[in-house]
Amino acid sequence: MPKKLLQHIPFYLYLAVVSLIILYPIFLMFKISASHPADIMKPHKDLLWGPAGITLEHWHNVFTSGLLLPSLFKSLLVATMVMILAILIAAPAAYVISRVGSPFKYLFIISLFISRTFPEVAIALPVSVVFLHWNLLDTSFGLILAHLIKVLPYVGWILIGTFEAIPRSLEEASSVDGASKIRTLRKVIFPLSLPGVAVAAMLVWLESWNEFTYALYLTVSENTLPLQTYYYVNRGGIFNSAAYATIITLPVIILTFILQRYITSGMLAGGVK
Amino acid sequence: MHHTVRATLVLLLFSLGMTSFSSGETLSISASLGEDEWKVMRGQVFPTFEARENCRIRAVNIEAGDTLKKIEVMHRANRMSIDLLLLDNMNLAPYVEKRLVLDLTKYQALIDPEVYESLVQPLTFNGRLMFFPGRPNVQITYYNTDVFDGSNYTIPETWDELIEVAERLKAAYKVGKVAVHGTLDTNTTTQVFEFITAAGGEITTLNDAGSVKAFTFLQELYTYLSPETKKANWNTTNKFLSEETLFLARNWPVGMQVIVKQNQKTNIKAYATWAGPAGRATMIGGDVIAITKRSPNQELALKFARYLMSREIQTLLVTELGWPPIRPDALGSVPEWQQGFFKAIMEALRYGHYRPAILGWSAVDKYVNLAFKDIVMDGRDVQATLDTYALDLQEELEWLK
Amino acid sequence: MRFVKTYWLEMLMVIPLFAYITGFTLLPILTNVKESFIDQRFGRRYDILVSKIADIKYDVEHAPDNEEKGAYEKERAETALALERLQHSPYASFSLSNYRKLFTDRSFIKAIFNTLAITLMGLSLQLVVAMSIALLLTQPFHGKGFFRTIVLTPLGIPTIVSATIMTYIFDTAGYLNEVLYKLGLLGEVPIDWAQGGWLSICMVVFADTWKVLPLMVLLFIAGLEAIPQSVHEATQIDGSPPLYKFFTVTLPLMKPYITIALILRAIDAFRIFELPLILTGTATTPLISTFTYSEYTRQNYNLSAASGTILTGIILIFVFTYLYVVERERGTNA
């Protein structure tokens, strides 16, 4: 009995330490957004809570500033549209790639990732010039397209793994039964891939919700939530930015809680084999 | 299935449609302002103009560092969506060089005679007036009144006093409590400019007697400065002063909004500046008014420029935001909590110098920062390093002529 | 042609993705690479003159009166002359001067070193920690789902937010120094984490690991769960100590997943940008990506392009070397 208990202690201790390190910064964010300035603006900070207690004045400022709702709406719109479009574009391609022979598949996958090796800053300007020619600067649609650039390789990767997990024997059986290619896709492949697609969709949504660099280049008048946060961060508005940061993070925490249950093996493995 | 497809299409069209929403005559303005400043603009400055001219003002915030890029991109694609800019005067030459702004020479009459002549003069490039004066701005020296209470420490008025205070503070607190902007970008260049000018030097020469004196001084001072110097810029300095990591530092007046109003510190005040071997010197920054070349609403933009320079609006900006005015007849009563700061600002303006309006300011910026890193931070030989960089600077400036 | 006929559906499905990626990423990258071979001084001047001419042309066409038109025509002639002179100057052609300039810049060499150090240190740390957490999460225990959520949370925090929070932790008057002070490990003088050198590298590595851990953990969990029960049962019967089992059985089976994780992470780690920018500034701890950015803000587009190209080169070398090593091993083991 005691030996078994002893074995468990380091296990739980490690868990506790890791959890603490992960959670403390997030706690800090909440804390700052609800603290009195006097408690934060001093050389020796309080680790847990300051003497002056909680204040809701910063949240009040944020909600009455009139800037919150437009950015919230824009972020929501863009993230959702990016999610839908990314799946529509990447899923079919991922399916094809997962069924293709070895040399091509490798090539496809590598090319997906070459696109991620260049610093974003350098790509963002030429892209914004092109978008401008198409009259897309400062539009939500332009931002959606820009986010797709960032997100498509990532989604393609995850979906390749998802489709790989669906055995070819099922397709073969279906065509033996006399179904056309399209019908097979709809009735067999599509339902089986749904969990993987759902996970990929949520990851895409999160990535777009948090995106910043392209938003910086392609937005003139209406900020997304991260841009609005950046505005405050840039000007030392620490309480406002902490409040905005909390608003950005809350849906994320909720979504990841839902998401974590559905992540199964093979999903992230991509073209591992 | 079909419902989802339809819904998607509708959403797509909707977001496309959002791009082309517009109505009537709209004047588009961009500026780089804090939230409080925007409140005053939108709440008091814009409505009167909108009513008078029967138009709508669409104002956007573009940070000073991003403005050139965005305007340039819009200009090249021939889709200029901003009519009037309240531009940081940090680097105006590229706007002229890239032909982004309207030549205002024939609209010179829009500037009232009351406006300070000295503010208008530097806005002339190649003999042509390219900008209107917006508001002058200057850095002031913030200090912690608990520390600088006059008994133990007094605020330094000369370079010698400055270095003495920095040394004593470091000895007492084991870590430096004074800082300059050491982020090795335009923030640093601004403050180095002030030191060089206060020693009688010229920043574009870089290795004249005054510059050597300034860099030698900075090299010694650095040993007593706070380690936060390398992170201190116009934004973080406010944080450091509020947290009392720093007791003395120069920064823009925006500090008073953040330190006193937002962070509710009652023990931070400001004075103009200290004197170098050649006297006191500060750099005049601030905003100017520019009208974009391809603006679709030029007439309206010009009217608005005149409106901004008028006595009524200048007085409003003084009383509501504590902005120094561009004309002497606009002095009003500043809000009480700002009065000390305002006094410091006006005094600092008296010692103000303009940056040379050359086309290659980014080259100056680069070499000043290289010199700062090598000499001040790494302790290399002053004259030798300055000589090398001065030569490189001249060569680059030649290329850009 | 028969290929197209049979596979028209597949091609249709694949084309949007690749068209998008080619157009919006590969093309800008290639443009940038091309730009990097144009001498910076020439490139800037050329840019200015060319856009000036295009601009004057527009003004000429829209001039309200002949007087202005004349003035613009004169300007155009002058500028065209300057452009011609420029094109005959010695710097006009393909030039390696940008690269030469970069490799003789002390700050850039330091940037390369810092980037490599941060990436390699980061990768090792992340590998070890992610693997250990993944191992934990594949054991059954109370509150597993809860812990899993905790581990996943940093995934959703935008980079600027996490960078700002890390600033508050690593500031000289920040929370980490406060913890150390309270634990008695620190005296009067707080640690200056941003001073450059190994301390700053550690700071950036820690902050980055915090943000990036969830993804790696997920990947490793997927790998661990893919190991069939039969393997577990076989090793159980064996009776050898768990650590030995781990290194000889589990780890080799996880190899493909580790490879993927390393490559994915390496690509992003080499490019790390917002975090070090906000945490350390460019002053003391330059990195290749922040170097690219600061040259970019100074309008030295060609120098910036060269710097970006070097970064891409480093990443590609790393990825292909790693793949080559791994593939070779896999070849001999198969």
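A, B and C label the chains in the order they appear, each numbered from 1.
Keep this in mind: contacts are C-beta pairs under 8 Å (C-beta built on N, C-alpha and C of every residue); 3 or more make two chains touch, one makes a residue touch a chain.
Everything numeric in this text was worked out from a predicted model, so none of it was measured.
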Two chains sharing the most C-beta contacts: A-C
Most centrally placed chain - per-chain CA mean versus overall CA mean: C
Chain A and chain B: spacing of chain centres that average the CA atoms, whole Å: 36
Interchain centroid distance [CA atoms averaged], chain B/chain C, Å: 32
Distance between the centres, which are taken as Cα means, of chain C and chain A, whole angstrom: 17
Residues of chain A touching at least two other chains: 43, 125, 238
Where chain B touches two or more other chains at once, by residue number: 76, 243-245
Contacts with two or more other chains, residues of chain C listed in rising order: 173
Chain C contact footprint on chain B (complex, rising order): 65, 75-76, 78, 94, 97-99, 174-175, 182-185, 226-228, 230-231, 243-245, 362, 365-366, 373, 377, 396, 399-400
Residue numbers on chain B that touch chain A, as the complex places them: 8, 11-12, 15-16, 18-19, 30, 34-35, 58, 60-63, 66, 69-70, 73-74, 76-77, 79, 81-82, 235-236, 238-239, 242-245, 254, 258, 262-265
In the complex, chain A residues that touch chain C: 11, 14-15, 18-19, 21-23, 25-26, 28-29, 32, 43-45, 47, 89-90, 92-93, 95-97, 99, 111-123, 125-127, 148-149, 152-153, 156, 181-182, 206, 209-212, 226, 229-230, 233, 238, 241, 245, 248-249, 252-253, 255-257, 259-261, 263-270, 272-273
Chain C residues touching chain B - in the complex, by the definition given at the top: 41, 44-45, 48, 51-52, 55-56, 58, 107, 171-173, 188-190, 192, 194-195, 280-284, 294, 297-300
Footprint of chain B on chain A - complex, ascending: 37-38, 40-43, 65, 77, 80-81, 84, 88, 125, 128-129, 132-133, 135-142, 144, 216-217, 220-221, 231, 234-240
